[in-house]
Every structure is written in C-alpha cells, then in structure tokens.
Amino acid sequence: MSHTSRMSGTKHTGPTDCTKPAVRPDPTAAADARARITGVVPPVVTPLTEDREFDAASFARLVGRLLAAGVDGLFVLGSTGEAAFCTDELRTRVVREAVALAAGRVPVLAGVIDTQTGRVLRHLQAAQEAGADAVVATAPFYAVTHEPQVRRHFEILGARADVPVYAYDIPLCVHAKLDADMLVELGLGGALAGVKDSSGDDVAFRRLALRNRAEGSPLTLFTGHEVVVDGAFLSGADGVVPGLANVDPEGYVRMHAAFRRGDWTSVRSEQDRLAALMEITRAATSVTGWGKGVGGFKTALMLQGILSSNQLPEPFEALGGDEVEAVKAVLGTAGLLP
Amino acid sequence: MSHTSRMSGTKHTGPTDCTKPAVRPDPTAAADARARITGVVPPVVTPLTEDREFDAASFARLVGRLLAAGVDGLFVLGSTGEAAFCTDELRTRVVREAVALAAGRVPVLAGVIDTQTGRVLRHLQAAQEAGADAVVATAPFYAVTHEPQVRRHFEILGARADVPVYAYDIPLCVHAKLDADMLVELGLGGALAGVKDSSGDDVAFRRLALRNRAEGSPLTLFTGHEVVVDGAFLSGADGVVPGLANVDPEGYVRMHAAFRRGDWTSVRSEQDRLAALMEITRAATSVTGWGKGVGGFKTALMLQGILSSNQLPEPFEALGGDEVEAVKAVLGTAGLLP
Amino acid sequence: MSHTSRMSGTKHTGPTDCTKPAVRPDPTAAADARARITGVVPPVVTPLTEDREFDAASFARLVGRLLAAGVDGLFVLGSTGEAAFCTDELRTRVVREAVALAAGRVPVLAGVIDTQTGRVLRHLQAAQEAGADAVVATAPFYAVTHEPQVRRHFEILGARADVPVYAYDIPLCVHAKLDADMLVELGLGGALAGVKDSSGDDVAFRRLALRNRAEGSPLTLFTGHEVVVDGAFLSGADGVVPGLANVDPEGYVRMHAAFRRGDWTSVRSEQDRLAALMEITRAATSVTGWGKGVGGFKTALMLQGILSSNQLPEPFEALGGDEVEAVKAVLGTAGLLP
Amino acid sequence: MSHTSRMSGTKHTGPTDCTKPAVRPDPTAAADARARITGVVPPVVTPLTEDREFDAASFARLVGRLLAAGVDGLFVLGSTGEAAFCTDELRTRVVREAVALAAGRVPVLAGVIDTQTGRVLRHLQAAQEAGADAVVATAPFYAVTHEPQVRRHFEILGARADVPVYAYDIPLCVHAKLDADMLVELGLGGALAGVKDSSGDDVAFRRLALRNRAEGSPLTLFTGHEVVVDGAFLSGADGVVPGLANVDPEGYVRMHAAFRRGDWTSVRSEQDRLAALMEITRAATSVTGWGKGVGGFKTALMLQGILSSNQLPEPFEALGGDEVEAVKAVLGTAGLLP
C-alpha cells in the first residue's frame, strides 16, 4: 500500500521519498480544508495553574516544543485535552491560542465533544470561528442512541461543517462503538474526512482499514493507542494521535518516519521504547480513571520543565509525592529528564 | 447549606391526615429552599415544534395540566426533559418558563446535566439565576471517574449552590452507580438534599433507604421508575419522578395519596394500571434508546391534545404511522384519550 | 388478584384462609409434577468441612431447620448452593440427600447449571434420577448466545424433562437478561413452569408479571432478591428464593404469610428487618464477589450452630477473624444468635 | 513444574534460519512437557454429523490437513472447539482422537473449560489421562470472582497439573480480564507456561509482552485474534491460535515463517489476505454470537470437502441457503475452493 498517492496538494509537494520532510509544510496547507491530515497529531494537554486557571505560557511552551519536534498537526480539546472539563469560554480560548501558535504551519483539529447533536453544533460553530482547520466529534452520548441516530448525527455535522469532520471512536467515554461499514459510508458520502480510533478494538480497526481501502480510502485513519501504533500502521493507520507525544513527540515522529520508509525493525523498537515510557500513566495511586493517565502526562511535562504545574481540573487532584517520584523514575530511565 | 427540616413549614400545614391536601400548598413554599420536596414531581418533557423549535404554548398547556392534577413539583431538564439535547440558551429558557408557570405554587427543580464539575457549575449558576428552587446533578461522565471524584464533585456543587442539590443516580446514562454510604454521608454533610434514583437497582435503593433512615433521613429519596413506585414506597421513597406522569399525572397523584394513607391495595392497583399504560414507551419500532421512551410520551401527549407535535430533537425522529396508532391503542384501553 | 385459585390440588387442600397452613402439605404433593410450587423456597447452601468435603451432617441440620420453619420447598444447587463449584458426583449427592431429607413434605428443586444445552441435559437427567421434583436452568453461557438460541435452549429442556423446568434469570452470572415476552410464550407452550428472577431488574419483573397475568398466569414467578421481596409481591411474585432464608427462614415464612393475608404493614416491617440482617453479606473484607455473600451466609450459619464450618469452595477462602465478628454483631442485633 | 527451557531440545534443532523447518519436528517432542510450544496452533473445530453426533472421519480429515500444512500444535476443546457444548464423554473422546492423530508429531493442547476450580480439575485429570500435552484454562466464571481468586485458581491448577498449563484470557466468555502483572508472576512461579490471549485488548497485550520480556520471558504468548496477528507479532507474540486456520492453515504457517525471518512486508500482505477471508464469519444472518463465527468456519470446511456437514451443536442451527452461498463467494475470491 502506498501512502504517497494519498498525500494531497500543497502539504507534501516537497520531498516525496516517504521520509519526514525536512522542510515544514507550506503555511497555506492548513487553510486547505481538502488537505488530508496524516502523521503525528498529538492530543495536546490543557495546562492549568495551581488555582486551575488556563496557563497560556505553559501551553505556548508545549505547542512550541511539539512543532519543533516535527508533529503534523495539533489536536486540542480531545479527551486528553480535557474538553469534558473546560467551560465553553475556555474551549474557545484554547482553539484560538493553538491556531495562533500553529500559525498555519500545521493544521489545528478541535474536539467538539458534547452530548447530542444540537450541543455539538454549537461547539462546531465556535471552533470554526476560532480558526480550527478540522473538528473531531464523538457519537452522541448520555441519552442512549443506536446506529441510525449515530449515522444521522454525523451526517448533520458533516452537512453543517465548513471544515473536515473526524469521527472520534471512544467507547470508553461514550459507551458505543462506531461500526466500520457506517464509517466508510459516511466517508464516501462526504460527511466524514476520517476517524480517530480510540476504541481499543484492533480487530475492528483492521476491518475498518480493509473496508476503507476497498472503497478508495475515503477516510483518513488515526489510532489513539500509544503503545500499539506499530500494529495500527500494519493494519492501515495513516497517522496517530498519541497522548504520550506530549511527553516524547520526537519518538512518535521517528516511528512514523520509519513506518513511511518501511523500516519495521525501527518502528518496532521505537514502539517498545515508547510502550515502556507509557508506564508514567500507571504511577498514580491517589487517583484512578482519566486523571491517572493525564495526571501522568502533566506530571512528566512539569518535570521536563514544559508545564509550570501538573494541576488537574475538578473533580481531580494533581499527583503528588511518591507519584511524582515514580513518574520521574520512568522518565529518567528513558533519558527524558532535562 | 442545611436541608434539615423534614416536612417543613408552609407546605403541609393544612390537612395532616396523610392524604393529599385538597388545598394547594402555600405559594411561598417553593421560595423556601429549606422546604423538603416530596411527592409527585414529573420530569417535564420539552415540547418542540415540527421544525424543532421550543414550543412554549405546548409547554404552558403541559405544565398547567400537571399543576391542575396536583403534582408536588416540576423537574425540568432531566433526561426525559432532553437536557442532553438542549443548547444552553434553551436550557435557561425552559427553567424561566417553568418558574413563571409554577408561580411559586410548587417548586421547580432544574437538571444541571453536563460532563464534569466545571461545566456543571455553569449550569448551576444559570439555573439559579433563572429561578430554579433546586438543582439535580448526575455523577461526572465522559471522562472516567471513580468514587473519590464523584464525592468531591457533589461536595463542590453543594458548597457552591444557593439552592438544594439532588443527586441523580442514572447509570444508564453516566455509566456509574452512586454508592449508598457516600450518598448518606453527603446528605449528612449538607452537600445533598436528596437523591433521584433512576439506577434500576432496587436492591441498592432499599439499602440506601435503610441507611438514610438510620442516619436521621438527611436525604429525600425519589424513584424515577414508573412501574415499580409501589415497591419503592415500601422501601422508603419519599416521592416519585415518573416520566409517565406527563401523560397520566392524576394516576401518580392518586397512588401517592393512597401510599400516604397506607392503602396498599389502592397503591398496587393504581400501579398495575400505570404499568400497563407504560406500554406506550414500547410502541416505537423506528427508533430505539432514548427516543423510544420519550417518543412514546410525546406522542401520547400529542394524542391527548396537550402537545402540538410529537417532534424529537436531533438525531432522533418523531414516531409516525403505525407507531402513533399503537400509542393510541394503549391510551384508548386506558381511557386516556380525550 | 387472588393467589388461592392458583394453589393446585393436594398441596393446599387444608386451611384455605390464605395464611400459612399449620399442617404441612400432603407428602404426595411433591410427586405431582403438575403441582405449582409457591411460597418460600430457600436456595440451600452446600456445607463443607474444613478440608472442603461435603458435610452431610450439617446439611441435614440445615434442611431440618428449614423444614421446621415451614418453608415451601428446597432449591439445591443454585448459585448460592455452589453448583458452579460442585463436581458432578457431588451435585448428584446433594440432590439425593435433599430428596431423602425432604421426604416428600416439600418439593426439591435442583439447579442444572452448565454452559450449553448438551451439558445441561446431562444434569437434568442426573437430577431426575436423583429424585428432584423440578429443575432450574439458566440461559446458556460462556459461548455467546442471543434470544433465538435462548428460546430454543429452554424448548429443548422443556421437551426432554419429565419434571417442571424453571428458568433462572441471573444476568450477573450468565450475562444475558431473559425477555419477558419470550418467557411467557415458553410458559404458554409448556416448556417452562416458572421463573426464578435474580435479574436485579424490578422494572422488567413488573412487566413480566403483568404479561404473565394477562396470559392466564402460565408461569409461577419467584424473586431471588432478599431485600425487596415486598415490592416483588406487589409486582406479582408467587414466591421467593432468598439466600438469607438459610439464616432466617422464619422471617421469610412470616413475610409470605403476611402477604397472603394482605397485611402490608407486617410485610414491610418484616422486610425492613430482613434487609438490615442482609448486612451479613457485606461483612467480608478479605473476599469479594460470590464469596462475600455466601461467605456471610455460611458464617452466620456456623455462628448459629447449624454448620460445623463456614468453609468455602476453591478458589475462595472462608471468612475469618474480624469478618466473623462483624457477622456476629449483625446477628446479635437481630437477636438471631443462639 | 518448570517451563524454563525456551525453544527446547528436539523441536528446533534442525534448520535454525528462523524459517519453518521443512522436516517435521521429532515425534518425541510432544512428549516433552518442558518443550515450549510456539508458532501456529489452530483451535480445531469439532465436526458433527447432521444429527449432532461427533464425526470422527471429518475430524481425521481436518487434523490431517492441518498437520500437512505444517502447524505447530493442535488446540482442541477451545471456544471454537465447542468445549462449552461437549459432554464430558465427548471431551475425552476428542482429546484421545487428536492425540492419536497427532501421533507425537505436534503437541496437543486441550481446553479444560469449566466454571470453577473443582470442576476444572476434573477436566484437567481427564485431559491428562487422554494424553494431552498441555491444558488451557480460563479464569473462573459464572460465580463472580476477582483477582485474588483468579490467581489462586491458576496456582491450584499449576500445582496439580502434570502438564503445562496455559491461561486463556477471554473476557467475552468469562467476563473478566486477566491482569498482566498477575500472569507474569504466575509464570515466574511456575504455575503457568503461557497465555492464549483472546482478550481483544491489544494495549494490554503489549504491556503483557513487555513485562514478560523484562522478567526473562517465563510465559509463551499466543494471540487468538485472526486478523491482527501481525501486530501481535510486533508486540511480542510467540505464536497464534487462529480459528481461521481451520480453513487456511497454510496462510498462517506462511505468515509465521515470514515473521520468523523478519519479512514484515510478507507478514502484512498475508495478514491482509487472511483478514479479508475472515469475512466468512460475517456471512450468517440467521444466527448471531458464537454460531456466526464457528458456523462460518464449519461451512467453509464443508465447502472445501473437509467436513461432511456444517452442523452446529444445540442450541445453534447450521447456516443454510444464502449464508452458505455467501461463504462460498468469499472462499472463491480467496481461491480457497477445491
């Protein structure tokens, strides 16, 4: 399978040897809503000060570091980006800041996560006005829906959006799995530009990739699972949205480059290294669930000097004491402390 | 915040023979945030026009009918009230309209349903400004939380609210069950005034009721399950929040009155009748999940001449054709057609 | 609704005042496979010695005590009766012993719990040969099945059985809920004599009871939930299969008698008392899951002098130390220590 | 019991170029319980006649074909091998037949699937007496257990077994996921020789593989997921147990050989081909769940002339008509019809 033919227009007109282009993409690329976004697109964490205000300075350091590492896009307001915790005002501010910091060098994807269609449309409108290059929407949640409603939900979003819409498949949060056949049909119909798969279901992802390819690849496919990106590349992923890339963006950029040049030995060893680093998300003992993972990321970023604080939004509390030491130990072993 | 005075002041100063008072409660009752709300509190549906705008005229007819039937409160923006579908603007409008229509005769409880604490606090503020007498909040959802976060969530809400806070236990929607011991402790600590139980777990509800009573009944307990209210009364429920009461409020008012006077034969036969009527929520074949139940309620209300339309919010579509006929047949059998 | 008309032939020819008959049922009753079994049917625990051998002497004491208390039947090899742990040889022995001890005074129902139809049929045959008066079968489990297979499973069991077959609805163990319409149809078709509902779904149970009554009550309905039997009686249960009745059979017999004479105040207060006693199943801290509940029952029975040991089958370990004290405290409060 | 000698003795002393040996392994290999089993180990289906008797002739054809294709072992009485449906007598017969047919050329692993420890031990004993070279056991099921019981369960099995014990991680059937740390500790302690992972959780599998490697690889790791074996190999799988290998064993043998020689391009293209073939498990429309997958395999085997019938055990019914045509179409496209 060739990925080069799927790289549209302006973005990859430079080097076409399937390695990471040394020259960053054309600044006009992100403005092209038709541009297919691939590669490494970190779900950027949302830094908070100790008193839980948005920490713009830390956010700027973080985004600057990601861009310097050569990521292909920024995904703000995902699950890792704490969309579920941000007020509408903060959501808009995060998109604005990211768009300003990206300055057209890479596209900014914005999560438009909310319960049902009507509320998601409001976020869609706000994200577009704030300059997002694409939006990422989950299936409806809270009120129980099934396939016909999920399909209609994405059709409405696709019809109303001026930017590409990506489906976010995250059953852990929305308690429904997106069907592969439905997704490909929504891609063929133009409602969806791609899928961010955080379903934890690699069997279904393989089938999605096969079905997508059989239909001319209407969808761009991303995996969100940090530790099995190599397998996802084998299955047919076009890119990856790894929370861990906040902490080690270079690792994911290298892994993607190795994948592009077909060097599976390098892909695998890079993946094994990153999988070991992922233990930072198991350091917390005072907190479980969402805060355990994002708490690990934020603590590592604090230890790396990128974030001023590892604060978490209510009702979570930041990791402390031994937990911070445990994260530090994993980072040290990985050679990722300053 | 204190919610200690059980069966407070004005509301039940009239007839004290445990039957439904013939005279409606004193209009000043709802203004007393310390008043314990009990009895029949329907989760009011949110009527829409064919083109999915809020239908204020239908809403006024519906609320008027509920008040005339003698309900003890109104719960707007619950799951049945389609909170998950309403924009923030519509949410505020619904609370305002309900408060105006209730005119202090009964308290208005407003759902403040959203994913995590920060977002819920915004709804709490808006609901209070719109005149709600109490708010109803679920556990956090979307991002995974566990008991310590759930507890902290309600503690924050309780500390920040100027009106009583009720916990809404609805695992079907939020995918977490509220623990009985935690709830009673939150009641004792003043964070919670009560619980609306839609957990589907009658065993846990019995234990909650026993624990609550053993601690001096800090919590008022409501069940949301239309067809087993009689059992909930036996277990210790103080009231009921039945979606079906949109369609047959008199039935629930009669059942509650029978319970208050200890007439279990009447409680049971009324409940059996209402359980048969609940078949209107099984009429839909074109839609599943949330829309099947609320679609049945709205269709019945349309057939009764209360609502102008049985429209549902996106991504759901209204029941039609044979489904409407099926609802009509159940209503007819129950003698509830005009 | 009258329960008396549903009491078949020999069993209730004595006193018909709807109270518990002072004279035990005719010994020939259990032999009549057409006899409808109702009332209190404890799921008898299977006593083990310290070294995990079957403790026949303790079993005899336990059964004798249950019969003396006036129970209406014995259910061996249920979930509480540790069917999932017993070898085939022990299963057969337990049925034989129970049949011998009952000596025709009450019917013996035997669990025939296994994964799929073919294996269940073997247990059915063995149970019949050992003298069981009826068998109790779950939906198939382990290999995933859906409604058509579940229906066919019960049809095959019904066709092959020489004794009445009861469906055991226990989603906690088999991870599937039995559909009310299907159950009533299986009852009308003669495959099923009744249902033991341990589904934890009181809403579905109410609907099952209504559907069953509307079709002429082909099914006898039991609830397995110790703490909400009063609500189940309101819904339409004909009997109860409470694990807690191993420890306090008199309480359940009294509650059933009160129900039969329509004395809901007594039903409710007895139920509240038993619900408090159920805290013995929360005493364990060293064990979770199945062992927590049955461990509590067995420990209470040991403290009452009925069982020689509170041993549990592998891979569970008996409650000890503080856990035993906690059970003792609950029993003491209830006045149930010798 | 020790399973320490990785890649032991006789089996891999021949060609050591990491490709599949042209010469079959030494017949004495299987007798060596210390031999580490790796590679392709199909979960063999259990053929039935039209009237649901064991079809020994078809079983012999199937096993002969698998051996001719060069598989590395045979796994009988797995989920695919319908252990949950077979009586004890049939289970013993299937092991005996497989052992006789393998004739020491490859090891025979036998599923010992049952609800709890005591019952599993009986199957373990029977499987050993029938000549099984290893056994495969799930976590306990039906009665709810948690980690301490699961650990104890495997410790008991390991202590009592004379052959290597493999843990079968299949939450779809037993509704519990095996913890990676626990598994590695059980491997280090000698209780477990390996893991067959059918958990559907590739993230957890990566972590298991990393933890296992960090501890000196006490466990041999198999994946059971037919369509993502390539990713599992990247993660660290030593072998694969693919139901689809009943239908195309050569494909899996080729893929494993390509993996052994580091030819990822071939691994991936073979996997994509096999993933497309897996559509035979989606052909059924009359049946869902277990029967859909195994029904597809058996129908394909019937069309290939290996099985005389595609019969399924009760309560399932064989695929027919259009379903058989749909399987045939997929096979035809894959060039796998005779």
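Which chain is which? They are A, B, C and D, in the order written, and residues in each are numbered from 1.
As a convention for this text, a contact is a pair of C-beta atoms (placed from the backbone, for glycine too) under 8 Å apart; a residue touches a chain by one contact, two chains touch by 3 or more.
Chains and their UniProt names: A, B, C, D = Dihydrodipicolinate synthase family protein.
Since this is a predicted model, take the numbers as computed values, not measurements.
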| item | value |
| --- | --- |
| Graph separation of subunit A and subunit C (steps between touching chains) | 2 |
| Same or different contact residues where subunit D meets its copy subunit A, judged by the half mark | same |
| Length of the line joining the C-alpha centres of subunit A and subunit B, rounded to whole Å | 38 |
| Subunit A and subunit D, separation of their C-alpha mean positions in angstrom | 36 |
| Intercentroid distance (Cα basis), subunit D paired with subunit B, Å | 52 |
| Contacts with 2+ other chains: residues of subunit B | none |
| Interchain pairs in contact, sorted by label | A-B, A-D, B-C, C-D |
| Interface residues, subunit B side, partner subunit C - complex | 200-203, 206-207, 210, 225, 227-228, 230-232, 234-235, 262, 264-265, 267-268, 271-272, 275-276, 278 |
| Residue numbers on subunit A that touch subunit B, as the complex places them | 79, 82, 84-88, 113-119, 122, 140-146, 148-150, 152-153, 156, 172-175, 287-291, 313-317 |
